[in-house]
């Protein structure tokens, strides 16, 4: 029950985040394709930025989905760790809007990386809070055990932030790379759950 | 469970898409009916475009609803095929805003067709992903078997895109026509499900 | 199941409608209370219009809730009658924004009445579609039988539309009056349901 | 069932409220970090105001969650008390936007306090409506019995409103203080529920 409402609320917030980003794609005032590429209104970077951020929010929804599914119990700490994650995810539309509007300029690229890094840290805290509730030897703890992707992503974000001011294109490529790594569905949890089924 | 959350998230995103379109109907600054038809703010095309897009999103919600209801299992590929569909649906408000603001001008009409075409392709991919999970001989595969509407819609979209630059009115009529075809509820799935019930 | 998703989707759309109206209450650029009452930005009529529309959307949510609860089965016609109702409800923020921005001027007041009238008609169609599915002698049909409020509301809306251009204040008072009538919770359905329980 | 839909609708509205606040963080037009701190567009107070309001809405979601979980029955009065609470919560983005835009100026700070005070009163009314439905001697009534936090919060809000025009910084500190008090999860209800379990 408690878990159901945590999922419902998170789904609601994530659904809104993923959808309001499209509001940054403002309708141009002219009626030709050329107006889509006006000096002040080039739609391509905005569109690319929208795709990238849509994929990131989709990845978080997907992983959040699997993480909460594996949890049996929810406590107050988990509720707040979850809200903390939603807070940083809610800043992705702002980051995406700024990188898109400026054509992936240095400062916006660095800021976007900070938002992604903070979201990754918040996700890690949420994982820890859930493991703490279930015990270090629990099925869940083992399922999340190695978490290679979760460990290398922050490294890429930090690298991107450090290089964004000089090499924004390289930094943005790193964001694309991390997204591609995550697009391979995270089957760790499901695999261990299935193994556990087999033993019983 | 897994299916429930996929539905809840999709419902959330589709509900937001269908509702934020109304934000394009900006409140006029005057207080007479004439200001609703100002040169820069003619509300009629915007309103017609809102109706058309509301109906399209409604059709997708309706069909999505039936499709997921028929599915028994969800996998990672289906989750992403679903997000891919939501991505293209999320661009309908942008397309609708541009056709509405320009009074169904050629370029916006063509772009709107591209969005509808991509959404149709994404829906087809989602169908394929669900059939692949359930097997080619499954009840679901048979239920979706012919899918006449799904097969002719892209043809109309392509025709509309090809003619939009010269005959935007004709292209927009095709969009209305496709919407009318789909408004007839898709009873394929329900019919086969009922037949199956009868056999058992 | 089917009913559950209809409720969830409707709840989502109504929740968004009731909340995006607040976006019309634009933050003033000054930092004193006086700026809240600037010539071009008088917040009072906007706030009153927000309250009135919040109450109307709340009433519809409340009644929709009871209506769907009483239904046993959903069909394609009901799904579309429901979307039709949501369409007109989605125009309430536009109507509220215009009456609020213009201080309840004649034309906006008339338009607001048209939106309310169309929503009332759409609700009536939805009721008819549900009764048609359940049969004229069903518990539901009896429960909705008299529907005094539903019958007198359109009369008030028509009166308000007819008088709005000359007496906008009177017309707006009628909208307040109808809202007050509906605020008395609709206990018809619940009462008959309870009587039915007692008989069994 | 009835309770489920009340939760779902409240979750939807609260999810939207917490997310649309981020729309106040408008993307700057320049592409340097300096533009984030432009005279007319200093992002820091907006960001701080966003954090504070995110936490407040999160607290209300959290408490609302526990309150409704403890309730067994819902009636019309509770539905409307709930909508009344959602109404005041929906004004938090407006209050947050104004304090953020003006750097926590006196008048916006006072208005923000009024919104928080009204939300607290609305929450208290909702509690009373739920207790009235369940009886004064019910488990729920005992669980909510002392409600120290709920009783001291309005006192702080009133103090903040009274001092906001002269000492806006002090008033805003009080809002932060109340948020910190509430961040300690409200375990009253859960504790009594557990004690009750132990007795049986």
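Lettered A, B, C and D in written order, each chain numbered from 1.
Methods note: a residue touches a chain if its C-beta (ideal position, glycine included) is under 8 Å from a C-beta of that chain, and two chains touch if they have at least 3 such contacts.
Keep in mind that this is a model prediction, so the values were computed, not measured.
Enquirer: Counting shared numbers against all numbers at the contact of chain A and chain B, is it over half, same, or under half, different?
Expert: Both copies, chain A as well as chain B, present different residues to each other, with under half of the numbers appearing on both sides.
Enquirer: Could you pull out the chain whose C-alpha mean position is farthest off from that of chain B?
Expert: Max centre-to-centre separation from chain B belongs to D.
Enquirer: Using mean C-alpha positions as chain centres, tell me how far chain A is from chain C in Å, no decimals.
Expert: 37
Enquirer: What's the distance between the Cα centroids of chain C and chain D, rounded to whole Å?
Expert: 26
Enquirer: Name the residues of chain A that each touch 2 or more other chains.
Expert: 8, 12, 15-16, 20, 23
Enquirer: What does chain C use to touch chain D in their complex?
Expert: Within the complex, chain C touches chain D at residues 7-8, 11-12, 14-16, 18-20, 22-23, 25, 27-33, 51, 54, 58, 61-62, 65, 69, 183, 185, 187.
Enquirer: Can you list the residues on chain B that touch chain A in the complex?
Expert: 1-2, 5, 8-9, 12-13, 15-17, 20, 23-24, 76-77, 79-80, 83, 86-87, 90-91, 93-94, 97-98, 101-102, 105-108, 111
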